[in-house]
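Structures incoming, each one as C-alpha coordinates.
Each of the next two complexes has chain A plus one more chain, namely chain B in the first and chain C in the second.
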Partner chain A sequence: MANTFTKIASTTVGSGGASSVTFSSIPGTYTDLCLKYSIRNTSTNPTVIALINGSSSNFLRTYMVGSGSSVNSAVNDASNYIGYGSVSTDTTNTFANDELYISNYTGSAFKPFMADNVNENNATTAYAYLAGNLWSSTSAITSIDISMYGGNLAQYSTLTLYGIKNS
Partner chain B sequence: MASTYTPIATATIASDGQGWDFTSIPSTYTDLRLVIYGRGTYASTTFGGYGRLNNDSGTNYSYTRLFSDGTAQSQRNNNTDTFQVGELPSANATTNIFGQSVIDILNYSNTTTYKTLLVRTSTPGYTFTYVNLWRSTAAINRITFGTAGLNNMKTGSVATLYGIKAA
Partner chain C sequence: MSDTPTKIVVDCSTGAVEEVALTAEEIAQREADAQAFAAKQHEEEVAAQAAADAKAALLAKLGITADEAKLLLA
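Moving on to the complex of A and B:
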(Lines of atoms letter the chains of each structure in order from A and count residues from 1; the text may use other names and numbers.)
(Lines give C-alpha, C1' and ligand atoms only; values in the text may rest on other atoms or scores of the structure.)
Protein backbone atom coordinates (compact mmCIF):
# COMPACT_ATOMS: atom_id res chain seq x y z
CA MET A 1 0.00 0.00 0.00
CA ALA A 2 1.32 3.41 -0.92
CA ASN A 3 2.72 5.57 1.80
CA THR A 4 1.03 8.94 1.24
CA PHE A 5 2.48 11.03 4.07
CA THR A 6 6.16 11.03 3.23
CA LYS A 7 9.20 12.76 4.64
CA ILE A 8 10.85 14.85 1.95
CA ALA A 9 13.67 16.24 4.09
CA SER A 10 14.58 16.84 7.72
CA THR A 11 17.17 19.04 9.42
CA THR A 12 18.44 19.27 12.97
CA VAL A 13 20.40 22.42 13.69
CA GLY A 14 23.90 21.77 14.93
CA SER A 15 26.22 23.46 17.37
CA GLY A 16 26.40 27.18 16.89
CA GLY A 17 22.92 27.47 15.44
CA ALA A 18 21.84 28.35 11.93
CA SER A 19 20.67 31.61 10.46
CA SER A 20 17.99 29.76 8.54
CA VAL A 21 16.98 26.38 7.20
CA THR A 22 16.02 26.07 3.56
CA PHE A 23 14.13 23.25 1.93
CA SER A 24 14.96 23.60 -1.73
CA SER A 25 14.20 21.63 -4.88
CA ILE A 26 10.90 20.51 -3.39
CA PRO A 27 9.53 17.93 -5.81
CA GLY A 28 6.21 18.69 -7.47
CA THR A 29 4.91 15.18 -7.07
CA TYR A 30 2.72 15.64 -4.01
CA THR A 31 -0.71 17.19 -3.45
CA ASP A 32 -0.01 19.12 -0.24
CA LEU A 33 2.96 19.95 1.96
CA CYS A 34 3.20 19.81 5.73
CA LEU A 35 6.15 21.41 7.54
CA LYS A 36 6.56 20.53 11.19
CA TYR A 37 9.23 22.18 13.26
CA SER A 38 10.47 22.54 16.80
CA ILE A 39 12.48 25.74 17.08
CA ARG A 40 14.06 28.22 19.43
CA ASN A 41 15.72 31.57 18.76
CA THR A 42 19.15 32.47 20.07
CA SER A 43 17.77 35.97 20.65
CA THR A 44 14.70 37.25 22.45
CA ASN A 45 12.35 37.78 19.51
CA PRO A 46 9.80 34.96 18.99
CA THR A 47 8.87 35.86 15.41
CA VAL A 48 9.23 33.08 12.84
CA ILE A 49 9.86 34.22 9.26
CA ALA A 50 9.25 32.37 6.01
CA LEU A 51 10.49 32.88 2.50
CA ILE A 52 8.76 31.02 -0.28
CA ASN A 53 10.75 30.53 -3.47
CA GLY A 54 13.17 33.03 -1.94
CA SER A 55 10.53 35.73 -1.74
CA SER A 56 9.29 37.74 1.24
CA SER A 57 6.56 39.36 -0.86
CA ASN A 58 2.90 38.63 -1.56
CA PHE A 59 2.10 37.21 1.87
CA LEU A 60 -1.14 37.83 3.78
CA ARG A 61 -2.08 36.49 7.18
CA THR A 62 -5.04 36.65 9.52
CA TYR A 63 -4.03 35.50 12.95
CA MET A 64 -4.85 35.36 16.61
CA VAL A 65 -2.31 34.84 19.34
CA GLY A 66 -2.68 34.40 23.08
CA SER A 67 0.20 35.09 25.43
CA GLY A 68 -1.32 33.84 28.64
CA SER A 69 -2.50 37.30 29.62
CA SER A 70 -3.82 38.87 26.41
CA VAL A 71 -5.08 38.08 22.93
CA ASN A 72 -4.01 39.91 19.80
CA SER A 73 -5.31 39.57 16.29
CA ALA A 74 -4.97 41.10 12.84
CA VAL A 75 -6.57 40.63 9.46
CA ASN A 76 -4.85 40.55 6.07
CA ASP A 77 -1.50 41.55 7.53
CA ALA A 78 0.94 41.78 4.60
CA SER A 79 3.74 39.98 6.38
CA ASN A 80 5.83 36.87 5.94
CA TYR A 81 5.89 36.38 9.71
CA ILE A 82 4.32 32.98 10.24
CA GLY A 83 4.29 32.40 13.97
CA TYR A 84 5.94 32.34 17.32
CA GLY A 85 8.92 30.25 18.33
CA SER A 86 10.68 29.89 21.64
CA VAL A 87 13.30 32.48 22.60
CA SER A 88 16.59 32.57 24.45
CA THR A 89 15.00 33.74 27.69
CA ASP A 90 12.41 30.95 27.74
CA THR A 91 12.86 28.06 30.11
CA THR A 92 15.91 26.01 29.20
CA ASN A 93 15.30 23.06 26.90
CA THR A 94 11.90 24.30 25.69
CA PHE A 95 11.29 24.49 21.97
CA ALA A 96 8.14 25.71 20.25
CA ASN A 97 6.10 23.23 18.21
CA ASP A 98 4.84 24.63 14.94
CA GLU A 99 3.10 23.29 11.87
CA LEU A 100 2.37 24.68 8.42
CA TYR A 101 -0.11 22.95 6.10
CA ILE A 102 0.14 24.12 2.49
CA SER A 103 -2.60 23.03 0.08
CA ASN A 104 -2.17 22.46 -3.65
CA TYR A 105 1.36 23.86 -3.63
CA THR A 106 1.95 23.15 -7.32
CA GLY A 107 -1.38 24.50 -8.56
CA SER A 108 -1.92 27.58 -10.69
CA ALA A 109 -4.01 29.41 -8.08
CA PHE A 110 -2.69 31.36 -5.09
CA LYS A 111 -1.38 29.20 -2.24
CA PRO A 112 -3.29 29.08 1.07
CA PHE A 113 -1.57 27.77 4.14
CA MET A 114 -2.41 27.53 7.80
CA ALA A 115 -0.03 27.89 10.72
CA ASP A 116 -0.46 26.50 14.24
CA ASN A 117 2.18 27.30 16.89
CA VAL A 118 2.62 26.75 20.61
CA ASN A 119 5.58 27.50 22.84
CA GLU A 120 4.55 26.61 26.37
CA ASN A 121 7.51 26.93 28.74
CA ASN A 122 6.19 26.95 32.32
CA ALA A 123 6.82 30.67 32.69
CA THR A 124 4.91 33.95 32.70
CA THR A 125 4.62 34.33 28.94
CA ALA A 126 4.01 31.70 26.30
CA TYR A 127 2.19 31.83 23.01
CA ALA A 128 -0.56 29.92 21.28
CA TYR A 129 -0.93 31.11 17.71
CA LEU A 130 -3.36 30.24 14.90
CA ALA A 131 -3.21 31.80 11.46
CA GLY A 132 -4.67 31.58 8.01
CA ASN A 133 -2.21 32.67 5.36
CA LEU A 134 -2.03 33.25 1.65
CA TRP A 135 0.95 33.44 -0.67
CA SER A 136 -0.45 35.32 -3.66
CA SER A 137 1.55 33.70 -6.40
CA THR A 138 0.61 31.30 -9.16
CA SER A 139 4.09 29.76 -9.13
CA ALA A 140 4.60 26.26 -7.82
CA ILE A 141 6.34 26.25 -4.46
CA THR A 142 9.82 24.85 -4.86
CA SER A 143 11.57 26.17 -1.76
CA ILE A 144 10.71 27.19 1.79
CA ASP A 145 13.12 29.02 4.08
CA ILE A 146 12.53 29.32 7.83
CA SER A 147 14.36 31.74 10.13
CA MET A 148 13.75 33.69 13.32
CA TYR A 149 13.83 37.43 13.73
CA GLY A 150 17.07 38.93 15.05
CA GLY A 151 18.87 35.70 15.83
CA ASN A 152 19.71 32.19 14.79
CA LEU A 153 17.81 28.97 15.04
CA ALA A 154 19.24 27.40 18.17
CA GLN A 155 21.03 24.08 18.29
CA TYR A 156 18.62 21.12 18.39
CA SER A 157 15.94 22.95 16.46
CA THR A 158 14.41 20.39 14.10
CA LEU A 159 12.45 20.94 10.90
CA THR A 160 10.83 18.27 8.76
CA LEU A 161 9.01 18.73 5.48
CA TYR A 162 6.43 16.13 4.49
CA GLY A 163 4.69 15.57 1.18
CA ILE A 164 1.12 14.30 1.11
CA LYS A 165 -0.41 12.50 -1.86
CA ASN A 166 -4.13 12.18 -2.33
CA SER A 167 -3.89 9.08 -4.46
CA MET B 1 6.82 0.70 5.93
CA ALA B 2 3.19 0.25 6.92
CA SER B 3 0.94 2.95 5.57
CA THR B 4 -1.08 4.63 8.30
CA TYR B 5 -2.31 7.64 6.33
CA THR B 6 -4.22 6.38 3.34
CA PRO B 7 -6.37 8.21 0.79
CA ILE B 8 -9.80 6.60 0.73
CA ALA B 9 -11.21 8.82 -1.98
CA THR B 10 -10.51 12.09 -3.78
CA ALA B 11 -13.12 14.12 -5.61
CA THR B 12 -12.61 17.23 -7.73
CA ILE B 13 -15.58 19.48 -8.43
CA ALA B 14 -16.10 19.15 -12.17
CA SER B 15 -18.71 21.87 -12.64
CA ASP B 16 -19.83 24.83 -10.60
CA GLY B 17 -22.47 24.20 -7.99
CA GLN B 18 -21.68 20.65 -6.95
CA GLY B 19 -20.73 19.41 -3.52
CA TRP B 20 -19.04 16.30 -2.19
CA ASP B 21 -20.63 13.08 -1.06
CA PHE B 22 -18.29 10.40 0.26
CA THR B 23 -20.28 7.20 0.69
CA SER B 24 -19.55 3.65 1.79
CA ILE B 25 -16.68 4.79 4.00
CA PRO B 26 -14.95 1.66 5.26
CA SER B 27 -14.76 1.13 9.00
CA THR B 28 -11.24 -0.27 8.94
CA TYR B 29 -9.40 2.85 10.09
CA THR B 30 -9.04 4.48 13.49
CA ASP B 31 -9.69 8.08 12.48
CA LEU B 32 -10.67 10.01 9.37
CA ARG B 33 -9.20 13.21 7.96
CA LEU B 34 -11.07 15.21 5.33
CA VAL B 35 -8.90 17.81 3.58
CA ILE B 36 -10.77 20.48 1.64
CA TYR B 37 -9.24 22.85 -0.92
CA GLY B 38 -12.22 24.85 -1.93
CA ARG B 39 -14.07 27.89 -3.12
CA GLY B 40 -17.81 28.43 -3.31
CA THR B 41 -20.05 29.71 -6.06
CA TYR B 42 -22.53 31.62 -3.91
CA ALA B 43 -22.53 35.34 -4.70
CA SER B 44 -20.58 36.64 -1.73
CA THR B 45 -16.93 37.07 -0.80
CA THR B 46 -17.02 34.14 1.60
CA PHE B 47 -19.59 31.57 2.63
CA GLY B 48 -19.68 29.01 5.41
CA GLY B 49 -18.68 25.42 4.77
CA TYR B 50 -21.15 22.84 6.08
CA GLY B 51 -21.37 19.10 6.24
CA ARG B 52 -23.51 16.21 7.35
CA LEU B 53 -22.68 12.75 8.58
CA ASN B 54 -24.62 9.70 7.42
CA ASN B 55 -27.02 12.15 5.73
CA ASP B 56 -28.42 13.09 9.13
CA SER B 57 -30.39 16.34 8.72
CA GLY B 58 -31.66 16.33 12.29
CA THR B 59 -30.57 18.94 14.81
CA ASN B 60 -27.98 16.59 16.20
CA TYR B 61 -24.87 18.73 15.80
CA SER B 62 -23.27 21.41 17.96
CA TYR B 63 -20.06 23.37 17.82
CA THR B 64 -17.73 25.72 19.64
CA ARG B 65 -15.41 27.84 17.58
CA LEU B 66 -12.47 30.17 18.11
CA PHE B 67 -11.74 32.43 15.19
CA SER B 68 -10.46 35.74 13.97
CA ASP B 69 -11.51 38.12 11.25
CA GLY B 70 -9.15 40.68 12.71
CA THR B 71 -10.77 40.35 16.11
CA ALA B 72 -10.30 37.15 18.05
CA GLN B 73 -13.62 35.79 19.24
CA SER B 74 -15.40 32.63 20.33
CA GLN B 75 -18.95 31.41 19.73
CA ARG B 76 -20.93 28.25 20.15
CA ASN B 77 -24.22 26.90 18.86
CA ASN B 78 -26.31 23.92 19.91
CA ASN B 79 -28.77 21.78 17.98
CA THR B 80 -27.65 22.70 14.49
CA ASP B 81 -28.49 20.51 11.51
CA THR B 82 -24.96 20.50 10.05
CA PHE B 83 -21.39 20.46 11.25
CA GLN B 84 -19.48 23.59 10.38
CA VAL B 85 -15.95 24.58 9.41
CA GLY B 86 -16.12 28.36 8.98
CA GLU B 87 -15.89 30.63 5.96
CA LEU B 88 -14.50 29.60 2.59
CA PRO B 89 -13.83 31.98 -0.32
CA SER B 90 -16.81 32.38 -2.63
CA ALA B 91 -17.78 33.84 -5.99
CA ASN B 92 -16.99 37.47 -5.18
CA ALA B 93 -13.52 36.76 -3.79
CA THR B 94 -10.43 37.60 -5.79
CA THR B 95 -9.80 35.16 -8.60
CA ASN B 96 -7.25 32.48 -7.77
CA ILE B 97 -8.15 32.36 -4.09
CA PHE B 98 -9.17 29.05 -2.55
CA GLY B 99 -9.48 28.22 1.12
CA GLN B 100 -8.39 25.14 3.01
CA SER B 101 -9.99 23.13 5.76
CA VAL B 102 -8.69 20.08 7.60
CA ILE B 103 -11.31 18.06 9.48
CA ASP B 104 -10.23 15.29 11.85
CA ILE B 105 -12.91 12.81 12.90
CA LEU B 106 -11.80 10.69 15.80
CA ASN B 107 -12.87 7.10 16.49
CA TYR B 108 -15.45 7.43 13.72
CA SER B 109 -16.51 3.82 13.49
CA ASN B 110 -17.31 3.07 17.09
CA THR B 111 -20.97 2.44 17.90
CA THR B 112 -20.83 3.45 21.55
CA THR B 113 -19.97 7.15 21.72
CA TYR B 114 -20.95 10.40 20.03
CA LYS B 115 -18.46 11.66 17.41
CA THR B 116 -16.15 14.66 17.71
CA LEU B 117 -14.76 16.61 14.76
CA LEU B 118 -11.73 18.90 15.11
CA VAL B 119 -11.45 21.50 12.37
CA ARG B 120 -8.87 24.03 11.18
CA THR B 121 -9.83 26.37 8.37
CA SER B 122 -7.80 29.03 6.61
CA THR B 123 -9.39 31.56 4.29
CA PRO B 124 -7.98 34.98 3.42
CA GLY B 125 -9.40 37.31 6.03
CA TYR B 126 -10.20 34.52 8.48
CA THR B 127 -8.70 31.80 10.57
CA PHE B 128 -10.89 29.25 12.39
CA THR B 129 -10.65 26.36 14.74
CA TYR B 130 -13.79 24.36 15.58
CA VAL B 131 -14.83 21.47 17.66
CA ASN B 132 -18.06 19.90 16.39
CA LEU B 133 -20.08 17.18 18.05
CA TRP B 134 -22.46 14.80 16.30
CA ARG B 135 -24.79 13.26 18.83
CA SER B 136 -25.04 9.81 17.32
CA THR B 137 -23.56 6.47 18.25
CA ALA B 138 -23.73 5.24 14.66
CA ALA B 139 -20.53 4.48 12.81
CA ILE B 140 -19.82 7.17 10.22
CA ASN B 141 -20.14 5.76 6.71
CA ARG B 142 -21.00 8.89 4.74
CA ILE B 143 -19.83 12.51 4.69
CA THR B 144 -21.54 15.22 2.67
CA PHE B 145 -19.95 18.65 2.36
CA GLY B 146 -20.40 21.95 0.53
CA THR B 147 -21.23 25.59 1.10
CA ALA B 148 -24.71 27.06 0.59
CA GLY B 149 -27.12 24.13 0.44
CA LEU B 150 -24.29 21.65 0.98
CA ASN B 151 -23.19 22.12 -2.61
CA ASN B 152 -22.25 25.30 -4.49
CA MET B 153 -18.55 24.51 -4.77
CA LYS B 154 -16.41 26.01 -7.51
CA THR B 155 -14.88 23.96 -10.30
CA GLY B 156 -11.40 22.88 -9.31
CA SER B 157 -12.20 22.50 -5.62
CA VAL B 158 -10.80 19.25 -4.28
CA ALA B 159 -11.64 17.13 -1.26
CA THR B 160 -9.69 14.11 -0.11
CA LEU B 161 -10.78 11.70 2.58
CA TYR B 162 -7.92 9.95 4.34
CA GLY B 163 -8.08 7.01 6.69
CA ILE B 164 -5.62 6.95 9.58
CA LYS B 165 -4.72 3.75 11.36
CA ALA B 166 -3.37 3.66 14.87
CA ALA B 167 -1.52 0.46 14.05
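Moving on to the complex of A and C:
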Protein backbone atom coordinates (compact mmCIF):
# COMPACT_ATOMS: atom_id res chain seq x y z
CA MET A 1 0.00 0.00 0.00
CA ALA A 2 1.33 3.42 -0.91
CA ASN A 3 2.62 5.42 2.03
CA THR A 4 0.20 8.18 1.09
CA PHE A 5 -2.64 6.15 2.65
CA THR A 6 -3.80 7.62 5.94
CA LYS A 7 -6.38 5.93 8.12
CA ILE A 8 -9.26 8.34 8.70
CA ALA A 9 -11.47 6.06 10.80
CA SER A 10 -12.26 2.41 11.44
CA THR A 11 -14.97 0.44 13.20
CA THR A 12 -15.86 -3.15 13.98
CA VAL A 13 -19.50 -4.17 14.42
CA GLY A 14 -20.30 -5.41 17.91
CA SER A 15 -22.60 -8.14 19.17
CA GLY A 16 -26.13 -7.86 17.82
CA GLY A 17 -24.95 -6.49 14.49
CA ALA A 18 -25.85 -3.15 12.92
CA SER A 19 -28.14 -2.19 10.07
CA SER A 20 -25.41 -0.03 8.55
CA VAL A 21 -22.16 1.77 9.17
CA THR A 22 -21.93 5.45 8.29
CA PHE A 23 -18.71 7.40 7.99
CA SER A 24 -19.83 10.98 8.51
CA SER A 25 -18.03 14.35 8.46
CA ILE A 26 -15.36 12.99 6.11
CA PRO A 27 -12.64 15.64 5.94
CA GLY A 28 -12.02 17.24 2.56
CA THR A 29 -8.27 17.29 3.01
CA TYR A 30 -7.35 14.32 0.83
CA THR A 31 -7.27 13.70 -2.93
CA ASP A 32 -8.98 10.29 -2.94
CA LEU A 33 -10.83 8.00 -0.55
CA CYS A 34 -10.46 4.26 -0.14
CA LEU A 35 -12.87 2.20 1.94
CA LYS A 36 -11.73 -1.31 2.75
CA TYR A 37 -14.20 -3.54 4.51
CA SER A 38 -14.75 -7.11 5.54
CA ILE A 39 -18.44 -7.88 5.98
CA ARG A 40 -21.04 -10.57 6.44
CA ASN A 41 -24.83 -10.35 6.34
CA THR A 42 -27.05 -11.82 9.05
CA SER A 43 -29.45 -12.77 6.22
CA THR A 44 -28.93 -14.79 3.04
CA ASN A 45 -28.71 -11.90 0.56
CA PRO A 46 -25.14 -10.96 -0.47
CA THR A 47 -25.92 -7.52 -1.93
CA VAL A 48 -24.00 -4.57 -0.50
CA ILE A 49 -25.70 -1.16 -0.68
CA ALA A 50 -24.07 2.28 -0.54
CA LEU A 51 -25.48 5.69 0.23
CA ILE A 52 -23.34 8.72 -0.52
CA ASN A 53 -24.20 11.88 1.39
CA GLY A 54 -27.31 9.97 2.47
CA SER A 55 -28.49 9.52 -1.12
CA SER A 56 -29.33 6.34 -3.03
CA SER A 57 -29.86 8.28 -6.28
CA ASN A 58 -27.71 9.09 -9.29
CA PHE A 59 -25.67 5.89 -9.22
CA LEU A 60 -24.54 3.94 -12.29
CA ARG A 61 -22.45 0.80 -12.40
CA THR A 62 -20.90 -1.41 -15.05
CA TYR A 63 -19.94 -4.70 -13.50
CA MET A 64 -19.13 -8.34 -13.89
CA VAL A 65 -19.53 -11.00 -11.25
CA GLY A 66 -18.84 -14.70 -10.97
CA SER A 67 -20.52 -16.84 -8.34
CA GLY A 68 -18.57 -20.07 -8.78
CA SER A 69 -21.27 -21.58 -11.00
CA SER A 70 -22.45 -18.69 -13.16
CA VAL A 71 -21.43 -15.28 -14.44
CA ASN A 72 -23.36 -12.08 -14.87
CA SER A 73 -22.67 -8.55 -16.05
CA ALA A 74 -24.42 -5.30 -16.89
CA VAL A 75 -23.63 -1.92 -18.38
CA ASN A 76 -24.87 1.37 -16.94
CA ASP A 77 -27.06 -0.30 -14.35
CA ALA A 78 -28.79 2.48 -12.35
CA SER A 79 -28.21 1.04 -8.93
CA ASN A 80 -26.44 1.80 -5.67
CA TYR A 81 -25.57 -1.87 -5.17
CA ILE A 82 -21.81 -1.94 -4.93
CA GLY A 83 -20.84 -5.57 -4.50
CA TYR A 84 -21.26 -8.75 -2.59
CA GLY A 85 -20.63 -9.72 1.00
CA SER A 86 -20.68 -13.02 2.83
CA VAL A 87 -24.05 -14.31 4.01
CA SER A 88 -25.43 -16.20 6.97
CA THR A 89 -25.32 -19.55 5.18
CA ASP A 90 -21.65 -19.22 4.21
CA THR A 91 -19.00 -21.08 6.16
CA THR A 92 -18.99 -19.94 9.78
CA ASN A 93 -16.67 -17.04 10.57
CA THR A 94 -15.91 -16.25 6.94
CA PHE A 95 -16.16 -12.67 5.68
CA ALA A 96 -16.00 -11.03 2.28
CA ASN A 97 -13.21 -8.62 1.40
CA ASP A 98 -14.51 -5.52 -0.35
CA GLU A 99 -13.04 -2.23 -1.48
CA LEU A 100 -14.23 1.10 -2.85
CA TYR A 101 -11.82 3.61 -4.37
CA ILE A 102 -13.19 7.11 -4.98
CA SER A 103 -11.08 9.61 -6.88
CA ASN A 104 -11.30 13.39 -6.42
CA TYR A 105 -14.14 13.12 -3.93
CA THR A 106 -14.14 16.83 -3.11
CA GLY A 107 -14.24 18.07 -6.71
CA SER A 108 -17.25 19.58 -8.46
CA ALA A 109 -17.21 16.99 -11.27
CA PHE A 110 -19.24 13.77 -11.11
CA LYS A 111 -17.56 11.11 -8.96
CA PRO A 112 -16.33 7.90 -10.61
CA PHE A 113 -15.35 5.07 -8.29
CA MET A 114 -14.39 1.45 -8.52
CA ALA A 115 -15.64 -1.41 -6.42
CA ASP A 116 -14.36 -4.93 -6.07
CA ASN A 117 -14.74 -7.86 -3.77
CA VAL A 118 -14.05 -11.52 -3.21
CA ASN A 119 -15.90 -13.78 -0.80
CA GLU A 120 -14.56 -16.71 1.12
CA ASN A 121 -16.88 -19.70 1.37
CA ASN A 122 -15.90 -23.33 1.54
CA ALA A 123 -18.61 -24.31 -0.94
CA THR A 124 -19.43 -23.80 -4.61
CA THR A 125 -20.88 -20.31 -4.26
CA ALA A 126 -18.32 -17.59 -3.59
CA TYR A 127 -18.57 -14.25 -5.41
CA ALA A 128 -15.84 -12.34 -7.21
CA TYR A 129 -17.03 -8.91 -8.37
CA LEU A 130 -15.51 -5.98 -10.23
CA ALA A 131 -17.28 -2.75 -11.12
CA GLY A 132 -16.77 0.74 -12.45
CA ASN A 133 -19.29 3.14 -10.92
CA LEU A 134 -20.38 6.73 -11.18
CA TRP A 135 -22.12 8.93 -8.65
CA SER A 136 -23.52 11.77 -10.76
CA SER A 137 -23.33 14.62 -8.33
CA THR A 138 -21.27 17.79 -8.16
CA SER A 139 -21.30 17.78 -4.36
CA ALA A 140 -18.21 16.89 -2.35
CA ILE A 141 -18.55 13.53 -0.63
CA THR A 142 -18.87 14.00 3.10
CA SER A 143 -20.49 10.73 4.16
CA ILE A 144 -20.58 7.09 3.04
CA ASP A 145 -23.03 4.54 4.38
CA ILE A 146 -22.63 0.79 3.88
CA SER A 147 -25.34 -1.80 4.51
CA MET A 148 -26.43 -5.19 3.21
CA TYR A 149 -29.80 -5.94 1.70
CA GLY A 150 -32.36 -7.68 3.90
CA GLY A 151 -30.31 -8.01 7.06
CA ASN A 152 -27.74 -6.54 9.40
CA LEU A 153 -23.98 -6.37 9.21
CA ALA A 154 -22.85 -9.26 11.38
CA GLN A 155 -20.65 -8.97 14.44
CA TYR A 156 -16.95 -8.57 13.60
CA SER A 157 -17.67 -6.93 10.25
CA THR A 158 -14.90 -4.33 9.98
CA LEU A 159 -14.75 -1.16 7.89
CA THR A 160 -11.81 1.20 7.53
CA LEU A 161 -11.77 4.47 5.61
CA TYR A 162 -8.48 5.79 4.24
CA GLY A 163 -7.59 9.15 2.75
CA ILE A 164 -5.00 9.34 0.00
CA LYS A 165 -2.99 12.44 -0.81
CA ASN A 166 -0.95 13.16 -3.92
CA SER A 167 -2.00 9.89 -5.52
CA MET B 1 -35.91 -5.24 24.25
CA SER B 2 -36.49 -2.79 21.39
CA ASP B 3 -36.84 -4.04 17.81
CA THR B 4 -35.75 -0.68 16.39
CA PRO B 5 -32.78 -1.29 14.10
CA THR B 6 -29.60 0.54 14.95
CA LYS B 7 -26.72 1.84 12.87
CA ILE B 8 -23.15 2.70 13.64
CA VAL B 9 -22.08 6.27 12.92
CA VAL B 10 -18.38 7.06 12.79
CA ASP B 11 -17.71 10.80 12.99
CA CYS B 12 -14.52 11.19 11.00
CA SER B 13 -13.86 14.67 12.37
CA THR B 14 -13.75 13.50 16.00
CA GLY B 15 -13.23 9.75 15.75
CA ALA B 16 -16.34 9.23 17.90
CA VAL B 17 -18.27 6.02 17.22
CA GLU B 18 -21.91 5.99 18.15
CA GLU B 19 -24.64 3.36 17.85
CA VAL B 20 -27.95 5.09 17.16
CA ALA B 21 -31.49 3.95 16.45
CA LEU B 22 -32.67 4.47 12.88
CA THR B 23 -35.07 7.34 12.33
CA ALA B 24 -38.49 6.71 10.82
CA GLU B 25 -37.18 8.21 7.57
CA GLU B 26 -34.21 5.84 7.52
CA ILE B 27 -36.43 2.84 8.22
CA ALA B 28 -38.69 3.95 5.35
CA GLN B 29 -35.62 4.29 3.10
CA ARG B 30 -34.51 0.79 4.08
CA GLU B 31 -37.93 -0.56 3.18
CA ALA B 32 -37.94 1.39 -0.10
CA ASP B 33 -34.52 -0.06 -0.92
CA ALA B 34 -35.83 -3.55 -0.20
CA GLN B 35 -38.84 -2.98 -2.44
CA ALA B 36 -36.63 -1.57 -5.20
CA PHE B 37 -34.38 -4.59 -4.95
CA ALA B 38 -37.30 -7.01 -5.16
CA ALA B 39 -38.77 -5.10 -8.13
CA LYS B 40 -35.44 -5.12 -9.96
CA GLN B 41 -35.00 -8.82 -9.32
CA HIS B 42 -38.52 -9.49 -10.61
CA GLU B 43 -37.84 -7.39 -13.71
CA GLU B 44 -34.68 -9.41 -14.43
CA GLU B 45 -36.54 -12.69 -13.94
CA VAL B 46 -39.30 -11.56 -16.32
CA ALA B 47 -36.73 -10.48 -18.93
CA ALA B 48 -34.85 -13.79 -18.61
CA GLN B 49 -38.10 -15.74 -18.98
CA ALA B 50 -39.10 -13.70 -22.02
CA ALA B 51 -35.72 -14.39 -23.64
CA ALA B 52 -36.04 -18.11 -22.89
CA ASP B 53 -39.58 -18.16 -24.31
CA ALA B 54 -38.45 -16.36 -27.49
CA LYS B 55 -35.58 -18.81 -27.92
CA ALA B 56 -37.88 -21.80 -27.47
CA ALA B 57 -40.38 -20.34 -29.96
CA LEU B 58 -37.66 -19.80 -32.55
CA LEU B 59 -36.31 -23.33 -32.14
CA ALA B 60 -39.86 -24.69 -32.54
CA LYS B 61 -40.34 -22.58 -35.68
CA LEU B 62 -37.07 -23.90 -37.13
CA GLY B 63 -37.92 -27.43 -36.05
CA ILE B 64 -34.55 -28.05 -34.39
CA THR B 65 -33.35 -28.67 -30.86
CA ALA B 66 -31.08 -26.39 -28.80
CA ASP B 67 -28.18 -28.83 -29.31
CA GLU B 68 -28.73 -28.76 -33.07
CA ALA B 69 -28.74 -24.96 -33.01
CA LYS B 70 -25.41 -25.03 -31.17
CA LEU B 71 -24.01 -27.28 -33.92
CA LEU B 72 -25.08 -24.78 -36.55
CA LEU B 73 -23.32 -21.94 -34.70
CA ALA B 74 -20.14 -23.88 -33.89
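In the analysis below, the second predicted complex is superposed on the first by the 163 of 167 C-alpha atoms of A that agree within 3 Å, B and C clash if a C-alpha of one lies under 4 Å from a C-alpha of the other, contacts with A are read in each partner's own complex, and residues count from 1 in each chain.
To be clear about the criterion, contacts are C-beta pairs under 8 Å (C-beta built on N, C-alpha and C of every residue); 3 or more make two chains touch, one makes a residue touch a chain.
All of these numbers come straight from a predicted model, not from anything done at the bench.
A.B. asks: Which partner chains sit in contact with A:Val118 here, chain B, chain C, both or neither? Use first/second/both/neither.
C.D. replies: A:Val118 sits against neither chain B nor chain C.
A.B. asks: Touch test for A:Ile8: chain B only (first), chain C only (second), both, or neither?
C.D. replies: Touch partner of A:Ile8: chain C, not chain B.
A.B. asks: Examine A:Thr47 and indicate which partner it touches, taking first as chain B and second as chain C; both and neither are also allowed.
C.D. replies: A:Thr47: touches chain C, not chain B.
A.B. asks: One more residue to check, A:Val87. First (chain B), second (chain C), both or neither?
C.D. replies: So A:Val87 meets neither chain B nor chain C here.
A.B. asks: In the superposed arrangement, which partner chain does A:Leu33 touch: chain B (first), chain C (second), both, or neither?
C.D. replies: Once the two structures are laid over each other on A, A:Leu33 reaches no partner at all.
A.B. asks: Touch check for A:Phe110: first (chain B), second (chain C), both, or neither?
C.D. replies: In the superposition, A:Phe110 contacts chain B only.
A.B. asks: Is it chain B or chain C that touches the larger share of residues in chain A?
C.D. replies: B
A.B. asks: If you stack the two complexes on chain A, which partner ends up touching A:Ser79: first (chain B), second (chain C), both, or neither?
C.D. replies: Only chain C is touched by A:Ser79; chain B is not.
A.B. asks: Which partner does A:Ile141 contact after superposing on A: first (chain B), second (chain C), both, neither?
C.D. replies: neither
A.B. asks: Which chain A residues qualify as touching chain B in the complex?
C.D. replies: Interface residues on the chain A side: 1-5, 31-32, 60, 62-64, 66, 71-76, 101, 103-104, 108-110, 112-114, 116, 130-134, 136, 138, 164-167.
A.B. asks: Within the complex, which stretch of chain C touches chain A?
C.D. replies: 5-15, 17, 19, 22, 29-30, 33-34, 37, 40
A.B. asks: Name, in rising order, each residue of chain A that touches chain C in their complex.
C.D. replies: Residue list for chain A touching chain C: 8-11, 13-14, 16, 18-27, 47, 49, 56, 79, 81, 145, 147, 149-150, 152, 161.
A.B. asks: Please give the residue numbers of chain B that touch chain A in the complex, ascending.
C.D. replies: These residues of chain B touch chain A: 1-7, 10, 35, 37, 66-72, 96-100, 102, 120-129, 156, 158, 160, 162.
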